[in-house]
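In what follows, structures are represented as structure tokens.
Look at the two complexes coming up: chain A is in both, with chain B in one and chain C in the other.
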Partner chain A sequence: MIEHAYLIPLIPLAASALMHFGAKEDPHSPAPWIGVVAMAICLGMSLSILSAVASGSVAVPYEHNWPWFSFAASIGGKSFIYDMPVGVLIDGPAAVLLVVVTLVSLMVQIYSIAYMHDDTRYMRYFGFVSFFTASMLGLVVSSNLLVGFMSWELMGLASYLLIGFWFEKDGPTEAQKKAFMTTKLGDSGLYVALLFLFAKVGSFQLTQIHHFYDKGYMPAAAAAAIAIGLLFGAMGKSAQFPLFIWLPDAMEGPTPGSALIHAATMVAAGIFLVSRTYFCFLAAPQVMHAAAWIGCATAFLAAAMALVSYDIKRVLAFSTVSQLGFMMCALGVGGYTAGLFHLTTHAFFKALLFLGAGSVIHSVHTNDLRLMGGLSKKMIVSFFTILAAIAAISGIPFTSGYYSKDMILANIWHSGDRPLFFIMLFTALMTAFYMSRLFILAFWGEARDHEKHHHAHESPFLMTGPLVLLAFLALTSGFMLDRHGLVYKLLPKPTISVMPGEVAREHAPPATLVSATMPAEGGEHAAAPSEAKAEEHAPAHEAAAEHGEHHEGHLPHALHLALPFLVLGSIGFAFFLYKGPDYAAAESLKATFAPVFTVLDRRWYLDDAFDLLVVFCDKVAALAFWIDANVVDRVFVDGWGLLMRIVSEISNLIDALFVDRTVDGFGGLSLDLGVGLRGLVKDGQVQEYLMYVAIAFSLAATLILTR
Partner chain B sequence: MNMLSLVTFAPLAGALIILCIPKEKEKAIQAVAFLFAGISLIASLAMLPGFSRGTHEMQFVERFAWIPSFGVQYFMGVDGLSYPLVLLTTFMSVIALVGSLGIEKRVKEYFFWFLVLEVGMLGVFCALDLILFYVFWELTLVPMYFLIGVWGGPRKEFAAIKFFLYTLTGSVFMLLAILALYFASTGPAHTFDMLELAKMTGGWDRHFQILVFLGLYFGMAIKVPAFPFHTWLPLAHVEAPTAISVILAAVLLKMGVYGLLRISYSLAPLGFQWFLPALIVIAVINIVYGALCAMAQTDMKKMVAYSSVNHMGYCLLGIAGMTTAGFTGAVFQMLTHGIITGALFLLVGVIYDRAHTRDISAFGGLAVKLPVYAALMSLTCFASLGLPGLAGFIGEFLCFLGAFQAWKLAATISVLGIIATAAFFLRMMQKVFLGKFNEKWADLPDMTARELISIVPLAALTVLFGVYPKWPLDLMNVTLTHMLGK
Partner chain C sequence: MNAPLTLAHYMTVAGLLFLIGVFGALTRRNIIGILMSIELMFNAANINLAAFDRFLHPEGVTGQALALFVMTVAAAEIVVGLALLLAIYRGTDTVYAEDFNLLRG
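Entry: the complex of A and B
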């Protein structure tokens, strides 16, 4: 099956095209099932690939490339024709991600058939969802960074289309623009990183780039610059501080679409990119450290915002940002396996949370938590499934989030950075708090808005079915993956055997790379240990890393035991504050700490800063245009006129006898723009043009003769 | 058979025939224009199988003496640099002719000038003799002057004269440089032969080459248009009729970049290298400043015009890198910019024909009413802002790739231009197509068949070259590698 992995992105792409162009728009069309069936096929293929990878029956990484196009390139002054391939590269993480993406997308699509059923652009929606999934799958399987970047950008387009799906309203159109621009800002870093990589390596193939890093050919400074660029790209897509501002607004799109963005595509892409190019980060430890702190800031700031929001989707969006911070932090401290593990479990419970919230919103027609309450009695399935998701995200023992978050915290603990650890621990407790708060406000106690409560009803089976399946995975996926160290086997941490600058670069270039790719100016980093020494180092280094990772996956025993109690305490605190119909305890707390609440409500003023930036850019643009119209145009056009007069005057002086009359005419021409030629233009007479031909030729003659 | 002469002069034959047709017979005039532009297109496509991708030598060469006393030859030929541009020209001319069918005023003269313009443009890309090149170069000027000045918008006279004088002055310096090259040529007799001259560059001193380069550069830079000589462009674009804007953006601007690569680079290499640090600065200004100016526009057409300044900046960036990837990017960018911006101007013309305004804020929510138009416009805008998977990305990326190796900082700054480009296109789409529907436009019809015929081929090529850029790249690879390999 793995040799047909290239079909996995292509099938939904074809389904999308079919749904876009194949049939007429009709709210009751059966066409969305095309997308569902396509995704089911992809899920089947992905599962078979994953099981093959897990059982070890295929050798990973599996790579296969096809020729795509060629262009002339040059590295270090040598020209060659670079053959750009397009291909698939399947390793453990890719196999896991394939299953996650196809599974979540399938659930979202099935759910959407009921959720979107009376929308006027019913089929268009499914076309977008399939396209979105296809681009994410393209990123996951691609063996080539440039192809990956293309998928990455197409995903940006898909999110633009999906967020602005209801484009008749202003909210979605602003949100879609904001999402596209913010991620584009991040993408510019990725763009530069790609340029840098090609300038150094001479290839976009991941395996070749890895090889190049592995041998230590990449200079340390370049490695740092590349890692910063890659990180910047990931920060945009995976909503890291300070680029996370687009994600909370992105909920303007249809709720199942949000589930897709928050769980399987888009935000997962950034984390996946970092993991896919992890060797670039390993070569730049200081950038990894920065990534850890960026992840930490993201996790904390977003969790704090989630504490005070009353919009159910917004709380979930903040929680996504916060969880992405956890993943980034894990990757930053070297917890590769933990970060991707959490990405997997998070995909299940976050998709479930959004779909569950969609079910609630569908039923009560409001996003406002204050107008809900007591829904447990009306929506039994939604209630229990959301309960499962909340248990998982809070880290209740033996749910999926418990395993993955535990592993992240353990990795941070073993990195030795204590401030980082305690902030992240506190954030984990905040997570439990705000999720319980959401749960209590929506489902617990008595109804606050009786009319809405009266109309509330459980959703149809097409919606609850996916919820139940996802709830099952949210509860069990952590345990299944953690058993027998399966997660370490599937998501092994990549290594580089030589750090940049540790080895001389005069080594014979490896045969797999284009020979021209070796920078000729090497040697300035030559620390020159012998090759034998480097090789001696490598296996020991690897073994140590493997051992270390398993060890790093566990917290100290006392902490490990205490953690569940801390989480329960946090949940209890939420109950204490938000119990009762008017949650008086919370309100009084809010009155006491009013300024803090305002800051959180205003989302740390980051959106205002972004708006200021937009206004500033507009001002700069207006200034540029003013300069263009009033300075550049004046100086250079009038300057030309002057120059022409000088030229004609000089010609006049020298050739007063020869072409006297015509040159005079020419000089006069520039004196009054427009006046002289207006009559000519109105008539459009050819013979008058001939006069100008004569001018041109006489000028030419002048120049020839004056030499 | 003299294919290049056929390609180049078929439109001239058409123009002469049109002169003989009474001006009332508008259908016949249009038919003749299509027939001869079509012949030119078919002939240029017919060269495709015979065009060898494996050599850098000039192909389809035609050569005979023209003015023997001055050593002027009629010398035509194409290689991987010029042939793609010849194809672009013949193709875009036919597309622009479809877009010209709405012209009602003085039809005969319009199509006459149009065909003459096509001759000039094709000649520029085929000529290998400097005087021949210069004649064709100037030949484009006159028809363009009339096409803007007679069939243009409210300020057409001013726009036309500004265009004319600006480019004419530039040409004067170019002519000076050409003459200087002629007199510097060695051998049995002075020559205007580009290929011969290129072999002699080793014997010319650096100062001479710098002067020659500067002379040539003035002529080329105005056409590109490179900052600060770009201000004629927005005006000319805004005032020109739709089809002429298409030609202006798709082909005429390319003459400047082509000239830089074909003449400045090969005939004054030392001057070219001397100028590179300035060129990279100009490229960055074109990219960032052009995008910022576009951002400040409220007129759609002017916005697209400034986006051309930005996009031609990518070409300059690629050239300034002096690497094969950069040159490839510049040539590919010329092709894709021609296709994409051509489509953009046609699309702006579509809405202007209906609404008689191009003010971005005059619309709103049109996607509901004009879904086909909105889809095509969005596709083109995304292509123009460099979305991967569409043609604009490949050229742009290769330009950056080429420039980055030599100018890391400049290329990094230029990335800002990409962001700004995205900003103004997205804003335009939001204001025109999205949001609440503006009831004022309740009876706007969607695209007509004629409009679709002119735009859909461009959209199809945009997608095709975006996902499969192999064909155009294969045409140019060997030539460009050779250009830098020597």
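Entry: the complex of A and C
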């Protein structure tokens, strides 16, 4: 099955084209099932790939390339031929991501069939969703960063289309522009990084770039520059501080589309890019440290904003940003496995939260948490599934979020950066608080708006079915992956054997370096198989082996035991503040700390800062325009024109006086000469003409012969 | 006296013949004389053709064949010339070239 992995992005792409161009716009059309069936096929293929990778029946990384194009270039007098293949590279993270993306997309599409049924652009929506998923899958499977970048940009386009799906309204139009431009800002960094990489390595193939890094060929400064560029791209796509401003607005699109953006595709792409090019970051430790702190800032700032928002989708958007901060922070401190683990579990529970929120909004026709309340009695399935998701994201023991967030915190703890750890711990408690707040406001207690409450009803089966499946995964995926250290086996941390700059000192024979690296040549990393084997062959020593090899994945025992109680305390605090119909305790707290709430409600003034930046740039541009119009145009362009006119007037005068006179003179001379010569000849005498011909001919002959 | 004939001999004869033709064409007043002189020049060229062919490419007869062609064309041409002359004579009652100046510019 793995040799057909290239089909996984192509099938949804074909489905998208079919739905876009083949189907008529009709609210009762069965055509969305094309997308559902296509995605189900992809999910089946992904699951078989994942099970093959997990059981070890195929060697990872699996790479297969097809020739695409090649070109010759001459650099510094030498000419090179560059081959640009296109292909698939499936390693553990890619296999996991394939399943996550296809599964979430499938759930979203099934859900959307019910959710979007009365929309006038029903088919177009499903075309966009399939296209979006296809782009993400393209990024996941591609062995070539150039193809990856294309998919990355197609995803930007798809998110633009989906966020602005209801383009008749101003909100979505503004939001789609904001999202597109903010992510493009990040993409510019990625673009520069890719150019730099190609200039240094001469290839876009991930395995070759890894090989290049692994041997320490990359100079430290270049490695840092490339890592910064890649990080910048990931910051835009995965909504990291300060580029996260687009994500809260991106919920203007259809809610299932938001679920796709927040769980499976758009924001996961940034984290996945960082993980895919993790060796670039390993070679630049300072940039990794910066990434950790950027992730930390993102997590904290977004969680704080989520504390005060009353828009159910906005709270979820802030929580996505915050969780992405967790992943980035984990990757920054070297917790590769933890970051990707959290990406996986987060995809399940965040898709569930958005779909659940969509179900609620569908039912009560408002986003405002203050107008909800008491929905648990009306929407029993949504209530329980959202409860499961909230338990998972808060980190209640034995749900998926508990395992992944625990691992992230443990990684941060073992990085030795205590301020970072305590901020992230506090943010984790804030997560539990704001999610509980959302839950209490929406479902608990009594109805606040009785009319809306009266109309509320449970959603149809097509919507609740995906919720139940996702709830199951949100509860159990952590346990399933954490068991037997499966997550370490599936998501092994890449290594580089030589840090940049060390290659000069270590004159190790190249053969040993090669044996430790080059996944393309059929080998895994030296460390990974030994770990995997140790776990397979010696289950009795599993715990000990895990402790020995993955001790960074476990918190100190006291902290590990205390964490659930801290989380429960945080949830209890939320209950204390928001219990009762008018949540008086929260309101009084809000009155006491009014300035803080204002700052949070204004989203840390970051949007205003960006507005100011735009206005400032506008002013600068206006000034530049003024200088251009008044100085450059007046002095240089107009002045140059005047000078040219004077010069050409002089030139004209010279032309008329001298050149034309000369021309006329030659003409006149020829005329005079002709008239004079004609006088010599008697008209019409054939023999006389003949004589001149003979004379001329004999003169010419003489000239030629005597030469 | 037994020296063999060379190309130069033929060319000398042809050259003299050509000069006689030129001289005749320039000095004869009678158009018929001029036409005869032109015939002399043709024949000078024919001698050259035959001589060059004989000395430079003795294996073939291209030059001689070409000379026969020239004679044929010259005969045809002189027929046209004489016809023209006859037409002019009927109109002007003269055969002297200096009287034919209808084309003066």
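Heads up, the rule we're going with is that the second predicted complex is superposed on the first by the 567 of 707 C-alpha atoms of A that agree within 3 Å, B and C clash if a C-alpha of one lies under 4 Å from a C-alpha of the other, contacts with A are read in each partner's own complex, and residues count from 1 in each chain.
In the analysis below, a contact is a pair of C-beta atoms (placed from the backbone, for glycine too) under 8 Å apart; a residue touches a chain by one contact, two chains touch by 3 or more.
Since we're looking at a predicted model, the values are computed, not measured.
Touch criterion not met for A:Tyr278: it reaches neither chain B nor chain C. When the shared chain is aligned, no partner comes close enough to touch A:Phe300: not chain B, not chain C.
When both complexes are overlaid on chain A, the residue A:Met181 reaches chain B alone and has no touch with chain C. Chain A has more of its residues touched by B than by the other of chain B and chain C. Overlap of the chain B and chain C interfaces on chain A: residues 684. Here chain C touches chain A in the complex through residues 22, 25-27, 34, 97-98, 100-105, going by the rule given at the top. Contact residues of chain A toward chain B in the complex are 68-75, 79-82, 146, 149-150, 152-154, 157, 164, 167-170, 173-174, 177, 180-181, 184-185, 188, 191-192, 195-196, 198-199, 617-618, 620-622, 624-625, 628-629, 632-633, 635-637, 640-641, 643-644, 647, 669-670, 673-674, 677-678, 681, 684, 689, 692-693, 696, 699-700, 703-704, 707. Interface residues of chain B, counted against chain A in their complex, comprise 106, 109, 138, 142, 146, 149-150, 156-158, 160-162, 165-166, 168-169, 172, 175-176, 179, 183, 227-232, 289, 292-293, 295-297, 323-325, 327-328, 365, 367-368, 382, 387-389, 393, 397-398, 400-402, 404-405, 408, 411-412, 415-416, 418-420, 422-423, 426-427, 430, 433-437, 468-470, 473-474, 476-478, 480-481, 484-485.
Within the complex formed with chain C, the residues of chain A that make contact are 683-687, 690-691, 694.
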